[in-house]
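Order as written gives the chain letters A, B and C; numbering starts at 1 within each chain.
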C-alpha cells in the first residue's frame, strides 16, 4: 500500500536505528501516548533495535483500556434491553466491566453489533426503525468528530431511535496529569499522530514549555516511530524541550478545523473517570445541552452500577504512567492475562500489558 | 489508538446533503464509502487518511516522500 | 482530582463457556486440555491432529468430524455447504488419507428459506463430487426460531491412509522447512466483507476448496511429508503454535515470505486485523525435509489448488514456540490469540 509499505523498509529502519545509537549518550525514558503506536512498536519488535539507554514507556493511549468499568457496566445493561441494538467498535467488546463484557452479553442474547464507523450505527437506526440503536462512542480526539457527526446527522434527520453512550476522552489533560505528577518518570513524549491530525499540536507547545519536556508528533509505521524517537533523543541530548512534527504528511499545526468545529458543536469537555488512573477534570467529552435527547444515559436511566475497586496487587496505574514496566507487576502473566484481564493495560490488545504479553514473552 | 489508513480518493459521490460529502476510497483494491465532510479540499486522485469511515486529512505527498528520500540519500539502498 | 489512584476490576470468573472457547485460540486449547482430553483419554485422541488414524484389520483409516457455523451463510466464493464438505475432506487429507465417505448432520432454524437450504445442499453435492467423496448418511433436526443462526452443519468423514509414514506434529524434525500452499486470508476477508455494519467492496473470494488433490500429488511425487495442517480458524499463526506445542520444537517464519493478496493486506490495515490469524478454507502448511523442498514446491505449483505454494520458514531448536522475523528484520513471538479477532479502531 502506498504511504504504508515504504515506511516498513528494513534498510530505512536499520539506518534510523544506527542514527539513534550514534546520538544517545545516556539513559532516556520516552513515552508513546498512543496504544496504536504501542501495538506497532511491539508488533515490529522495535525495542530490540534501540540502544539499551532508551526505554519506551507505554502511556494511557488506549481509549478502550481506560474506559471506566462503570461505563462498561452501563453499556452492558443497556445492551441487554430487548428493544436495543447496541453498536460498538470491535475493540470494546472484550473489555470486562462489573457485569462482564459486551461479548459475554452478546453470548447471553443481547443484540450487540460491531460497526466500522459511527455512521454505520446511524444507518442501523434507519434500517431498524422499531429498535433503539445505541452507539458506544469511545476514542480520543481522532474518533470524537466522527461520533459528533453521527449525532449531528441524527438530530438533523430527527432520528428518534438513535442515541449515544459517550465515553470519549481527551489527550492533553491526561498528559498534563502524567507530566505534572510528582512521581513522573518520563523524559520525552511521542505525541499521537492521528490525534494531532484532528487537533493540531498548538496545545502541546504550552505543555512542553511548562514541563520542560520535548514532544514529537509521531506517526505509526516503523520508520515513523523511529524518526520520532530520533528527533526526541536529539532534543533531549541537546537539552531542548520543543514541539516538533515528524508526521507532517498527515498533521498540520492547526489540525483539521472542520473536524474540530463538529466536535465542539456537539460535545463539551467535562470530568471523566479513567480506568486505572482515576478522575481527570475536563478530560471527557459530553453531549451539549442541545443534543441531550441523544444521550443514552438519559434515555435509559440506570441505577449506578456498584463497583468495588479491588486491589489485587495490580500495578495498572503505575504502568500507565511509566513508573513501572508490565513485567514488574506480580500479576503479569500469572493472575492477569488477555484471557482474564485484571488491569486496564491487559484489557485490549493495545494495552501495554497485553501487547507485552503477546509480543514480548521470550523470557517468560 | 486511532487506526488510520491512507487510501486513494477515486470518486466523489453525488449526495443531496452537501455537509455529508462522501467519496469512494480505494485501499489497494478494497473500496469503501468514506465521509469527506472534514476534508472539503480533497480531490479525486489524492490520498486521504481514513479513520472510522472519515477522511481526517489529505496526505501531503511532498512531506510523505521527505523522510524516505532522506533515508535514501543517507544509505546506499533503493 | 488528577490524583492517580489504583482501580482495577475483579477478574471475570471463567466458570462458563465463552465464545472464545470455540475460537481456536488459547481458550480452545485450554478447554480441550481441561475437559475433553481427561474424559476421553486414548492414544488416538492424544495425538491432537486434525483427524484420528485408526488401525483396523486390513486397513489404516482416518476419521474426523467438524461442525460449521458461519455468518452470513453465503459469502463471496462459497457458502456453508462448501465449507462443510471441504472442511472435513481437508482434515482427512491432512492425515495423508484419501477421503471416501462423509456424513452430514443439519441443524436448521425454523423459518430458514428453502431456497437457501437448496443452494447450500447443491454446493455440498458439487464439492463432494470435486473431492471424490460420497455423502452416505445424514440427520436433520429443526430448532425454534432464534435458536440457531439459520443453519449449522456437522460432517464426519472416513478415508484410507495412503501416506507411507505417519503424518503428524510428532513427526516434525529440527531442520524441516515449512511451506504454505498459497496466499492466505482470502476466506476470512471474504466473509468479513459481507458482515452487516462492516461491508466493503473487495475483489476477494473465499479460497474454499478440497485439498486432497495437492496432498495426493505430493505423495505421488514421493515427497517425505512430516506434517500437514489446514489453516482454518485462527489461521497460520494458530496452526503453527499448535504444531510447535505438540512437537516441542521451535518454528521461525519470515513475515515477508508469507503470501497475502494486496487487497487482503489492505482490508487488514483498514480493520486492524493481523492477516496471520485470518481463516482459510483451502490452504495448508506442510513440514518436510529440506532436501524435498524443491520437488514439493514444483509438485504443488502444478496443482490448481496449491499453485501459489512457497516456503515461509523452518523448524529449529526445542523452544516449542513460534517466532516471526518481521518485515523490518526484528524477531518477535507469534502467539496464540485469546479469541476471535475483532475489527478495531485503536
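Keep in mind that, in the parts below, a contact is a pair of C-beta atoms (placed from the backbone, for glycine too) under 8 Å apart; a residue touches a chain by one contact, two chains touch by 3 or more.
Only a predicted model underlies this, so the values are computations on that prediction, with no experimental measurement involved.
Novice: Relative to chain A, which chain's C-alpha centre is the most remote?
Specialist: Between chain A and the rest, the longest centre separation is with C.
Novice: Go through A-B and B-C and name the pair with more C-beta contacts between its chains.
Specialist: A-B
Novice: Using mean C-alpha positions as chain centres, tell me how far chain A is from chain C in Å, no decimals.
Specialist: Inter-chain centre distance comes to 33 Å.
Novice: I'd like to verify one number: the distance from the centre of chain A to the centre of chain B, where each centre is the average of its C-alpha atoms, in whole angstrom.
Specialist: Centre separation, chain A to chain B: 22 Å.
Novice: Could you tell me the distance, in whole angstrom, between the mean C-alpha positions of chain B and chain C?
Specialist: 35
Novice: Find every residue in chain A that makes contact with two or more other chains and list them.
Specialist: 1, 4, 9, 14, 35-36, 62-64, 89, 116, 120, 139, 143, 350, in rising order.
Novice: Chain B: which residues touch two or more other chains?
Specialist: If we look for residues of chain B contacting two or more partner chains, we find 1-3, 5, 27-28, 51-52.
Novice: Find every residue in chain C that makes contact with two or more other chains and list them.
Specialist: 200, 262, 265-266, 269, 272, 344-346
Novice: Inside the complex, what are the residues of chain B that reach chain A?
Specialist: Listed in rising order, the residues are 1-6, 8, 20, 27-28, 35, 37-40, 47, 49, 51-54, 56-57, 59-61, 63-64, 66-68, 71, 74-75, 77.
Novice: Spell out the part of chain A that touches chain C in their complex, as residue ranges.
Specialist: Contact set of chain A toward chain C: 1, 4, 8-10, 13-14, 35-36, 39, 42-46, 48-49, 62-64, 69, 87, 89-91, 93-94, 96-98, 100-101, 103-104, 106-107, 113-116, 120, 124, 138-139, 143, 176-177, 180-181, 222, 271, 275-281, 307-312, 314-318, 321, 335-344, 348-350, 357-362.
Novice: Over in the complex, which chain A residues touch chain B? Could you list them?
Specialist: Checking each residue of chain A against chain B gives 1-4, 6-7, 9, 11-12, 14-16, 19, 34-36, 61-64, 89, 116-120, 139-140, 142-143, 145-146, 149, 153, 192, 194-195, 197-198, 220, 223-224, 227, 246, 248-252, 256, 258-259, 262, 350.
Novice: Across the complex, what residues on chain C touch chain B?
Specialist: 200-204, 261-263, 265-267, 269-270, 272, 344-346
Novice: Tell me, which parts of chain B touch chain C in their complex?
Specialist: 1-3, 5, 7, 27-32, 50-52
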